[in-house]
Structure formats: structure tokens, C-alpha cells
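The structure appears below as C-alpha cells.
When the chains are written out, they are named A, B, C, D, E and F in that same order, and each has its own residue count from 1.
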Amino acid sequence: MMFNSEMLTHKLLREYIEDLVANDQRIDSRGFDEMRPIEVLNGTFTKAEGEAWIKLGKTQVLVGVKADIGEPFPDTPDKGVLVSNTELLPVASPTFEPGPPNENAIEIARVVDRAIRSADAIGLSSLVIEEGKLVYMLFLDMYVLDHDGNLEDALTIASLIALGRTEVPKVILKEDGEIEVKEEKWKVDLRDMPINFTFVKINGKLLLDPILEEENVAEASITLAIDKDRRVCSIQKKHGHFTMEEIINAAGIARDKWPEVAEMIKEVI
Amino acid sequence: MMFNSEMLTHKLLREYIEDLVANDQRIDSRGFDEMRPIEVLNGTFTKAEGEAWIKLGKTQVLVGVKADIGEPFPDTPDKGVLVSNTELLPVASPTFEPGPPNENAIEIARVVDRAIRSADAIGLSSLVIEEGKLVYMLFLDMYVLDHDGNLEDALTIASLIALGRTEVPKVILKEDGEIEVKEEKWKVDLRDMPINFTFVKINGKLLLDPILEEENVAEASITLAIDKDRRVCSIQKKHGHFTMEEIINAAGIARDKWPEVAEMIKEVI
Amino acid sequence: MMFNSEMLTHKLLREYIEDLVANDQRIDSRGFDEMRPIEVLNGTFTKAEGEAWIKLGKTQVLVGVKADIGEPFPDTPDKGVLVSNTELLPVASPTFEPGPPNENAIEIARVVDRAIRSADAIGLSSLVIEEGKLVYMLFLDMYVLDHDGNLEDALTIASLIALGRTEVPKVILKEDGEIEVKEEKWKVDLRDMPINFTFVKINGKLLLDPILEEENVAEASITLAIDKDRRVCSIQKKHGHFTMEEIINAAGIARDKWPEVAEMIKEVI
Amino acid sequence: MPLYVEKKPDVLITEDGVRTDGRLPHEIRPIRMTVGILDKADGSAFIEWGGNRILTAVFGPREVHPKHLALPDKALIRTRYNMAPFSTPERKRPGPDRRSVELSKVIREAIKPAIFVENYPGSVIDIFVEVLRSDAGTRVAGVNAASLALANAGIAMRGLVAACAVGRVENFIICDPNHDEDMWGDADMPMAMLMESEKITLLQTDGPMTDEQFKEALEMGRRCIRFLYEMQKEALKRPYLIVERSVFEQGEV
Amino acid sequence: MPLYVEKKPDVLITEDGVRTDGRLPHEIRPIRMTVGILDKADGSAFIEWGGNRILTAVFGPREVHPKHLALPDKALIRTRYNMAPFSTPERKRPGPDRRSVELSKVIREAIKPAIFVENYPGSVIDIFVEVLRSDAGTRVAGVNAASLALANAGIAMRGLVAACAVGRVENFIICDPNHDEDMWGDADMPMAMLMESEKITLLQTDGPMTDEQFKEALEMGRRCIRFLYEMQKEALKRPYLIVERSVFEQGEV
Amino acid sequence: MPLYVEKKPDVLITEDGVRTDGRLPHEIRPIRMTVGILDKADGSAFIEWGGNRILTAVFGPREVHPKHLALPDKALIRTRYNMAPFSTPERKRPGPDRRSVELSKVIREAIKPAIFVENYPGSVIDIFVEVLRSDAGTRVAGVNAASLALANAGIAMRGLVAACAVGRVENFIICDPNHDEDMWGDADMPMAMLMESEKITLLQTDGPMTDEQFKEALEMGRRCIRFLYEMQKEALKRPYLIVERSVFEQGEV
């Protein structure tokens, strides 16, 4: 059944979704721990060094990785730089407004960024050209184009693909301090695959990969990242509250889901 | 007849002006392709290296050119830097508010700037002190003091005068990298005289150099710059729409008007 | 008598305070030229190089001095840098809002800063490590925690204590341009003690060290700083107006009050 | 520190009128238009034109916030032209710069004459033009796509607005300038027309043209715009389908 | 130019589980809580925890400005987490950075489930968390103090929210990570619970943990939070008095 | 990189009291005042004083936007002191800095006591002080001109506000400090008075003065201000005409 959120008030929508959940059902007929189909669009859509436009159900995101070179931070001379930014484009939802990233955009950017860093997925030390002097700087720009829920997971998947595809001209710092940009390419080495999995709690049940309507009526929500060793490497509880058991359950489901998503990502890189 | 815009509602004003135009007349009795008198004030009003306070009818603008030295942009090592900025000062109109330049101020600054650049009126490469290392940077600050319409043309004229008057201490980059500022002066060489001419369309007729009331009721407006070879070198259609013929006509009138304005500018520099 | 400002409208409060003043009394039973008790809290509350948390009656402020090193300003190669900033924290009053410093916060910061500079209390030239190349930069961050009136005086006193307590690692600029940070400490030398004294005028009388309710109903207010030679070294008339005689009186009272406050400051440094 | 350095080509156009990308003066780069690609927007369109990738969306008519901006007798039209950080060779800092502010205004003024604003008093129509990849001509590409997104949103319009740039390289008037021609050409002139009355709603020029060149350029612009208009109509006939043309043979003089 | 350079300690934890500050894995740093230290705020609390110094204040329920933010059926809860320029070894520029924005949200979501928001329709409750000195664990210290300030303000609550961080250093699960462990440890996990139902209202993790480590960490977090809760209750019993504990002997496994 | 380097003069004042610009301690720089030079403002004045060029304009009483700022029982007075980018030897970045914010407040508080604010409840009077060229003493020049612009706008006032700075160089109390004295002098004291009651509405001091010096400075300030007041009255008698005085012989002690 097609569902038009504007046909029902928020209260009716909540009751409708809660009733469904009480009967072990979801609006779009998925199982509670089933993700929506993921589609990776073919084509060149940006001038980034690595990019991915993906659909997670009707949610669409476009991630681009731009590279630059520069000095490392003084306290991490042996590491490159990763800068993550999320834009909730006003094209993606009637509720998004133009302007600098708000609280939600900043949180999402940091949740994706934290998953990648906590697993050191891109090996920040491999971005060093000359220790303390010159490093690659990667700008991970995450664009939300169409918002039908679960931006965290969609952006994480697209970010991993975009990073895994990133190729940059090889750079050498010569002894006289001059910088030589070579024809040859240097490729980001994706060492880990920390994937975020988002759950909402409705009527006391955990639902994986919520659509927008589910997010809007959920009692609570949480995002957990799983690394290639199937360890929890990052968590962000968002609104509401969970019992300890619910969180342990969510981590278990996420662990079970990791291989299929990771496999898909590897295939398209 | 003196005309008080506050005595009439906008609608009445529009009808009044349209009626006049239908009878080949304007509020202030000018011809359709006649400019208001231009007055250049005598005196020193700024600490700029070049300046001009002019009146175009009751419109008053003050333009100052400040000079500095600095590195050229990496992609134009053989060119100096020109930075243009327009401030719609709150003293100039009850509708102007303090704050950073809004859409209109930015557009006007860019329209003046584009005219100057498209004709390379100041010869950007003549601003180079040492290629790739040191250039003059000119800051063209355009201040609107009293707004009675047609800011574009007033600011363009004042900018050309201010640029043509600009004298800067001569600077030398010595071999040891030291910068020497000499007593001697270096003068901006005004190689071209790209003058903007603004038209509004009222009742299907083109009116040159509109006053504020005419701007407020106009169906459409456009600004065209003419260079010393009488070529169109810059256009900005603003609101409304024009036929191709109207635009060709406007360009023709502007071409015809160029010599008298250019002559006036040359005289006062 | 305890006094609850929310029990009375502003008008009643004003009348009440004016009546008191007419009878040579103040809300809190102080004399007109009597300051509230000053308490300096013990403990470490910041990571600053110098700090002071003081109470002036119920007004509480915390001042921290952070040190850094950097280049001097080009026009003062023989002076270190002092940067003063006041934050009217939203915890301090229901009328304070989060955000960048507003007009009042900026004025207060500048009034404290001006007193310190006008007496050259910290000897800006003593902050020079190597003339024209390397100097200490002191950031004087003034935090208002609880606002019961007279922030200027409270912040000035706390600032002088914090500056007087400031110890920074000794820094040397070696011949090869390298910077060496030593174990040894360098201490700010408080050469003067410019103390601000704030008065309000109520019913034509001058009241020293006003509490919040007095500030809110005052006709006029002024802050004067006195240096160790008992000279007026800085003044800021704020709202309202004064006669010349009132100002001379205020300066006289401030001069008389200076020794006791200065003594207290010296003791706690 | 830039990783990529651009160089001016030795020859921008040959004596025979062959351009740096092999096109002749009258040839337009390949174009694809897709309407209705977003679920949450009221209308949307995506245009791929040469190396440009531009996504447009329309929301409204809807309530104005803040309310005091609402106009009593007509719709407020707001337009935002925005370049993605990854749309350029060097990363662009997010947020509006002066060029974006100007282009937002210019695009609004190109589109607005087409909308029956008096049909929607007190409401706002928001038009967003997101440049995902830029390759010369983003503003005219954006106007074409914005026009489609408005139609896709069901906004009442006098007609479509179609747009194309023309330019001058030495003595050649060329249509649809590419990146090289935009950077190092002698003049650039983006145009838009409200079809079918063919009123000019966008016209900018940067660089000198003689009277004859100017007239030739206007005429070539009109021709190109007519071609774009045909594509727009086709794209709207089959929403959600891709309309694509390799247009090297089109727009012949 | 930084005056202070930080170095990673050679050993973060010994084979016997001795930490860089001498604590054992299950030991919490000394804590002092003081309630009601501000005159003008509706409620306030000050917490000293290890080297952290955090001042919290609550204003409200009060009128919302601007009015359109007010919620018809419940209180709006606003939280600001703010670090003082002098709270860190290198001076922090005033104003919110991205981390502060995130923590403001996380703290709000930790506290909000405790408040009977439906008791205060149309009003706002503002919670300010001012970090005067930071030394690892500011967000959980802030949650404890904010909870006290709310109680001090007389806001109707389902219960207190207590919070503590746990972490992993090599194979040790540790409670209340110190600065070194926060910087160079393997995982960090701040937690908060709405007592007494012990619902988790704040949970973040940064750094990998196996299934067993994760469960052990959650369990240790719960134990520490219960200890903090006892201190909070004590602090509220005697407002305006300092509640202080050297808690090295507490929270034993 | 600055093109102009300033140097402190060897002698700021001779033993005979001759200043760097040849004036004696009691002499004021030449002044010109012109009222009503702007067409669109409700009131305006232009002052040239030494090397200062300051344009002031008044708008109002008019409606307040946003409305919630309006005061029910009196007019809101807003003042903006703004320095043009070309008003200083080195270009000043546009927009308010901390000094401008303070001076806007100080000027507002200098002027406000003169206005019958209770005559205009719910409205706003905006006073703009635009510094086109600065040469020491811009704030007092601005106060004089703002006062004229208010009178020119027909705002009901208790009287004019006139202003002048005095200062100390070594043991000399001087009036109307010039640029050198402002930069390298020992004390600077801008003053304004609401005439005719001669109430002080602006008083700032920067630099130490003994009790005697302070009293002498206040007295000299009063004398200068009376002179400025005479010029103001003259300027208002013949609006749109230039009032000009070379005042070297004025203000004698």
C-alpha cells in the first residue's frame, strides 16, 4: 500500500505505525531487521577525486571527496587530515532550509566521521607525504538530495564508496622544498569498513533502517557502527531512551547485517 | 512641478508616470535619452589614493580607491588585484539598512566591476610589481550617499574618475626580498572608459538614467557598458523582460551618449 | 529587609529606591560611598596562566589570563599584545542571552582594558621576547557568572588579580629562529593598579558600587579608574548626564577609595 | 596549494572555426534532461549539459516564514543558486559568495516573468539550483532545469523559460561556450527567453562586441534557445524519463 | 604557537591495571558537587570532578522568545554546552564549534526524558553548561550537574539523570577515563541513565570493543552511574553545601 | 603590507606650547558645518573639522522593525557610528568592529538626553554617523553633526549637544588633539554637553591626569564646547549654507 503522510495527522500516523509494529509489520512491508534496497548510480556527477550517488530506498545522497595538500596539524605531524561536512540541501525536504549546517547536519557529519576515524578506515598516517611538513587533506562533503529517513547509514555507505574510489595525483616534496605533482595517481587505501546501522524504537520494538515516517514517530533512535572485526566501534544514541538489553540487541543485529552491506560496498568501489 | 512620492500611493505614482511617458514626458521634464546633470565636488573627502564625490541629479555617490601591495592570485601571477565593494549606506535612503552588502549592493558592485574588467580599463597587468610575487591591490569602495535612482551609472562614473586620479607610492621588490616604498608616485593608467548606461522600460518606452520614482514603477531595467571603441562590453538585464529590438535600441543610445560622458570624466581627472 | 525585585514593578522599585536615597539610605543599608564586601575564592577553576574568581556582594566574576606567543603588531614592534574579552554568560542573568558579545559586553571589556592600558599596568613592553619578532600575547577573558550590578569594578579587580598571578613559561628566540620554551617561569609585572570605580546617580546623589536594582533605576552612571599615583586615568560616562561638579566629586571619592581596594588586591596576588 | 594547474590552450579556435572540444561555432554540447527525480520536492529536474550536472527543485506555493515577507497580492519568488564544494577543480567553501548571490538574483529575474505570481497571493515559491558539477554555463543550464522543475511542480506559468549562452572567440561568434572559451574567450553572453513570445528575461555580457557581433550573438542565442525549448517540451511530455540529445548537428546557422 | 606540547605517556596502563594517575580500572576521580551557588539563576550547580570545573544553571519555565518556537503542548528544552576560552591548555576561541553544537544536543537528549515537559506547555526551560576547566569527561560531568540544577530550580522530573564515562585501554575496561586515556586510549564510552528505571539516555562510543568488552563496559558504566546518583541525592539534601567524596575506594567491581 | 609607516614626531609640543601642527594649546582646528545636504534623509549634516569629514543623517520618527523593539512610552534611539574603508591610511575592512560598537553606544548616550523621546512613543529615531575621513576627534565631530542633523529633521530637542575633545601632552592641557597628539599624547578626553544647562552627556578619558590637570581639562572642554555651540546655532540659522570658521583665534583661555 502506498502511504501518503500528508493524509494523516501526526497522531494518526503514529497510531497507524504503532499498530503495524504491534502486528510485526512495517509501512513498507519490510522485516524489522531488513534494510531497504541500495542502488549506486552510474555516472560522473561531481569534480571530486572520489564520489558516490546512492539511493537507500527513496533516500538519495551524493558524497564527494575533494583532495588538497597542506601542512599537518601541529599535534599530529604523522597524520593526514580528514574534514567531514554534511549539507542538508533544501532540495531534499520541505523542512530543510538554506544556510550553514544546523545541529542535525553537524551531528550526522560527526557520526559518519567518528565511525571512519574510530576504525581508522582510511589510515590517516598513509596520507602523510612528508612527516610534519606535507600531507593530503581529504574533504568529505556529504550532500543529502532526497530525505526519506536514515541519512546516517546512507551517508556512511556513500562515504565509504567515495573514499574507496578516491584517486589523487601523487605528490612529492623535493629537498629544495618544492612540491612536485606527478601524473601518477595515489589511491586511498580503505583498510576497514565501519558501517553505521540506525535503529528506531517504536512500541518497544527495534526497527532497522527507518524511513522518514518511522523516524518522525519513533520513541527513540540510535546509530551503531560495526568494523570489519565485527566490533562496535562507534555509537550515537539520539533522542529517547533504551534499556541496556535493547542496545545489546541492536549491536547484535548490526553485527549480523555487516557482511552483506560491506560486500556490496566492495563490489562497487 | 515638484513631485512628492509620499503624496501618492505606488499605484497612483505608476499611473502618473505612465501617463507622462505616453505623452513623451518625464517627471523632471527630461528627454527619454537625456541624462541628468553631473556635478563633481571639489575637495578632499577621504584618505583614499583616488576619490570622487559626484552628483547625478540628486543621486550622490562617493568612491574611494585604496591601494595596498600583496601577492597576486596563484592563477593570475601576471595581474594585479582589483576588489570592488558597494555600500548602500543607510544615510542614502529610508529603505537601506545597516549591515553587510545585500543582493542589490552585490549586484551593483559586480556590474561596475564587470564593466571595468571587460574593457581592462585599468590594465590589470600594469599593477604587477614583480610577476608572481608582488602586485598592487586596488580596493574600489563605492559609497552611496543619497539615492535618487541609477546608482550603477553614478558609481561607474565616480569609479572611473577615482581610478583615473589614483596615485600610489612607487614600490620596488629588491633582490633580497625587501620591499622599498619610494617617494615617487605611480599613477593608474586609465586605458579605457567603459561607461554604464541604465535604462528602464515604462509603458513600452526606454528611459535613460531613471530617477528613483521611475525605477520604482518600471516594467523592466537594463544596464549596458560601452567601451572607448563604442563596443558593448558588459550588460546586466535586471528585472522584467525586453524584446531583442529594445536591447539593440538601448545599445545604440548608449553608444551615442558615450562621448559626452567620457569627455566630462577626462576633464575632471 | 530582604528585597525581591519581582514583587514590585519597575516604577515602584524606582520610587522605593529614590525614597531611600532621599533619606540617605540604600537598599542594602550601605553608605553612598561604601563598596560591598569583596571575596576572592580559593581553588583552581581554569586552565589559565592566571585566574581569579571573586564575589563583589552577590556579583560573581571569573577572569582567566591565557598566554601565547606570536608576532607583535607591525606598528608596535616593541610591545606585547593584550586582548580583552568579556562574556556576559547566560547563567549570570535571565536577561543575558547566548551569542557573541553585545554592545554592553564590548563596552565593559573596553572599559577594563582602557584602565589597564592607560596606566600601562602590565608594562606592555615587558612582554617583548625579541623586538619586532616575538612577544607574549595575553588573552584576558572576563566571565560574568552572577550579575548583581557593577560588573566593571568586579571585572577590573578580578583582572588585576589574575594578571598579577600570571606565570608563563620563559621563551627564548634562538639565533637560528627556533623557539625554546623553558621550564623556568616568567611572571607578569603589575606596575600599576588602575582600579575602576562605578557610580550611579539617583535622586541627584552619587552611589558607589551600585547593585543591580540601583543600576536599573539610575538616572545616570559613570566609571572612573584611578592609578597608583591617584590620578584619574580612564573615564566612561555611560547613560544619562552629570554636572561637572558631580564628576569632580566622583573622582574625589574614587581617589579616596583606591588604597583599600589596591591593598586587598596586593594581598591576594 | 592547488593540485591542478590550468593552462590556456595555444589555440582557442582554428581558422576553420574548430573549437578546443572539436565543436564548430554553432554546435551545442550534449544535453540530458530528467524531470521529477526527487521524491520530497514538489517539482524537480536534473540537467546534464557538457560537463555540467545541475539539480533543481521547487517547493511551493507554500506558507512564507517569516510571515512579514509575504506579499498580499502575489507569490514571493525565492531562488538560491548554490555550488557544491565538489563542483569545481579546487574545493569551494560551502556557503554563498558574491557570485552566487548575484546569480541567484539573475536566475530569479529570468524565471519570474514566466510565473503567474498573482495566482498565489501571500505564498512563496522556492526554487533551488544546486550545481553538483560545473563546466561553463551553469546559470543557463540552471534556468532550463528550474523552468522544468516549476512545470513539474504544477506551478501556473505563461510558458517555459529556455536559456543558452553564446560568446565570442576572436572573430567567431560561438554558441554554448565551453570551459576554455569561458576562461579565455573574448566575450560571454548568457541569455534566456520566455517562450513563446521570445521576450528576453536574462541577458548578461562580459567582454566587448561590435554592433555587428552583438547582433549576430543575439540572433545565435535565439536560435539555440529555441532548440533548448524543444528539448524541454519533450522532457515534460515524459516525466521521470531521461530526455537526451547529442546536439552536434543541431542549431545550424 | 603552542606554549605547551603534549606527549603520549610510554605506558597508559600497567600489566596490573595501574593507570597514569595511579588509579585502578574501577576507580573514579574525586568529585565535589555544590548546588545553588548562583543568585540570579532559577537553579544552579557546580561540579568539580578530577580536573573538571563545570558550572550549570537553569532558567525557566519561562516565556519563549521568539514566540513561534513555543510548543503548544509541552515545554521547549534548550541546552547550551560551552567551553570557556581558558578551559583548555591552548586558548579556545569563544563561540560554538561543531563539537559544542553536538554536545549541546547530546546533553539535551540525555536530560529531556527526565523532565515532565507536558507540565509546562508553551514555555521554555534553558539549561546552560559552562565548562570552566576541562579534563576529560566534561559532558558526563555536565549531565550530572545539569540534573542537579534542574532539581534546584524546582522543575518537575521523573528522576535524576546521572552520568559517567567508561573506556577501554588495551584489554582493560576502565571507568571515568582521564585526559591521557581520553586522548590515547582505545575506546571511550560516555553514558547517562535516568534513575531509577535505569534507562540509558546518553550513550556514545568512540573506538572499537568486542562483544564481551562492550557488555563489560555497559555494566561498569551502570555501576559508576549508580555511585554518581548517590552523590547527587546527597548534594540535593543539603543545598548550598558542598558534597565531596574521594571515591577511590568506591565503585568496586 | 602597509604602504605608509607612521613615525612619532621628535617633539610633540615645544616648551612654548607650540604643537605639531603649529597650534597653541587653546586653539581649535578649522571647522565647516553644512546642514541639509542629503535629499532622502529626514535630516542631515556634514562636518569638516581639521582633516575629519563626517556625514550624519537622521531618519524618523518612524515605525520600528522588528516591532517587538518598540517602546510603548517613548522613542527608541538607534545610533550607528561607521568608518568608511577609505577613511584611514590603511584600508579598514567594512563592518562594525569593537571600537565602532562602543562609539555607537557612546554617541547615542551623548545625544539621547537632548531628545524629547516621550514625544514619539512606539517609534524609532535612527542616527547614522558616517566617517568618510578620520583625523582624530571623529566621535566629537560626529556628535556635533548628529545634533545638527536631528535639528534639521525637526526632532523636538531640549537643546543642541555640542562636543569637543581635550587632552594632555606632557604638562600642557590642549584642546582638540590632532592625530599626533591622539596617538602619542599622554591623555585624551572627549566631552559633550547638552546646552544650555551644560550637563555633560559624553565624557571619556584615556590617560592619566592629576586632580589639577583634570579640572583644567574639564574647564577647557567647556570653553571649546561653547564655541562649537555658537557655530552650530549659526549653521542652523542658514540651512543648506556652509558655516565655516578658521578658529585659531578662538577659544582663548
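For the reader, a short list of remarks on this structure follows.
Just so we're on the same page, a residue touches a chain if its C-beta (ideal position, glycine included) is under 8 Å from a C-beta of that chain, and two chains touch if they have at least 3 such contacts.
The structure displayed is predicted, hence computed values, not measured ones.
Between chain A and chain B, the least number of touch steps comes to 2. Between the two copies, chain B and chain C, the Cα superposition rotates by 120°, quoted to the nearest 5. Of the chain pairs listed in A-E, B-D or A-D, the one whose interface repeats that of C-E (more than half of its contact pairs identical by residue number) is A-D. Centroid distances built from C-alpha atoms place B farthest away from chain E. Each chain gets a centre from the mean of its Cα atoms; for chain B and chain F, those two points are 32 Å apart.
Computed from the mean C-alpha positions, the centre of chain A lies at a distance of 49 Å from the centre of chain C.
The distance from the centre of chain C to the centre of chain F, with each centre set as the mean of the Cα atoms, comes to 27 Å. The set of chain D residues that touch two or more partner chains comprises 2, 5. Contact topology of the protein chains: cyclic, one closed ring where each chain has exactly two touching partners. Taking chain C first and chain E second, the full cyclic order of the chains is C, E, A, D, B, F.
Residues 2, 5-6, 98-99, 101-102, 104-106, 109, 112-113, 187, 189, 194, 198-211, 213-215, 218, 222 of chain D are the ones that touch chain B when the two sit in their complex.
Taken in their complex, chain A has these residues touching chain E: 74-75, 103, 106-107, 109-110, 114, 117-119, 222, 224, 227, 229-244, 247-248, 251-252, 255. If you check the complex, the residues on chain B that touch chain F are 44-48, 51, 58, 60, 62, 64-70, 85, 87, 89-94, 98, 100, 139, 141, 143, 145-148, 168-169, 171, 179, 181.
Taken together, the chain F residues at the contact with chain B in this complex read 1-5, 38-42, 44, 53, 55-57, 59, 62, 80, 82, 84-91, 94-95, 126, 128, 130, 132-134.
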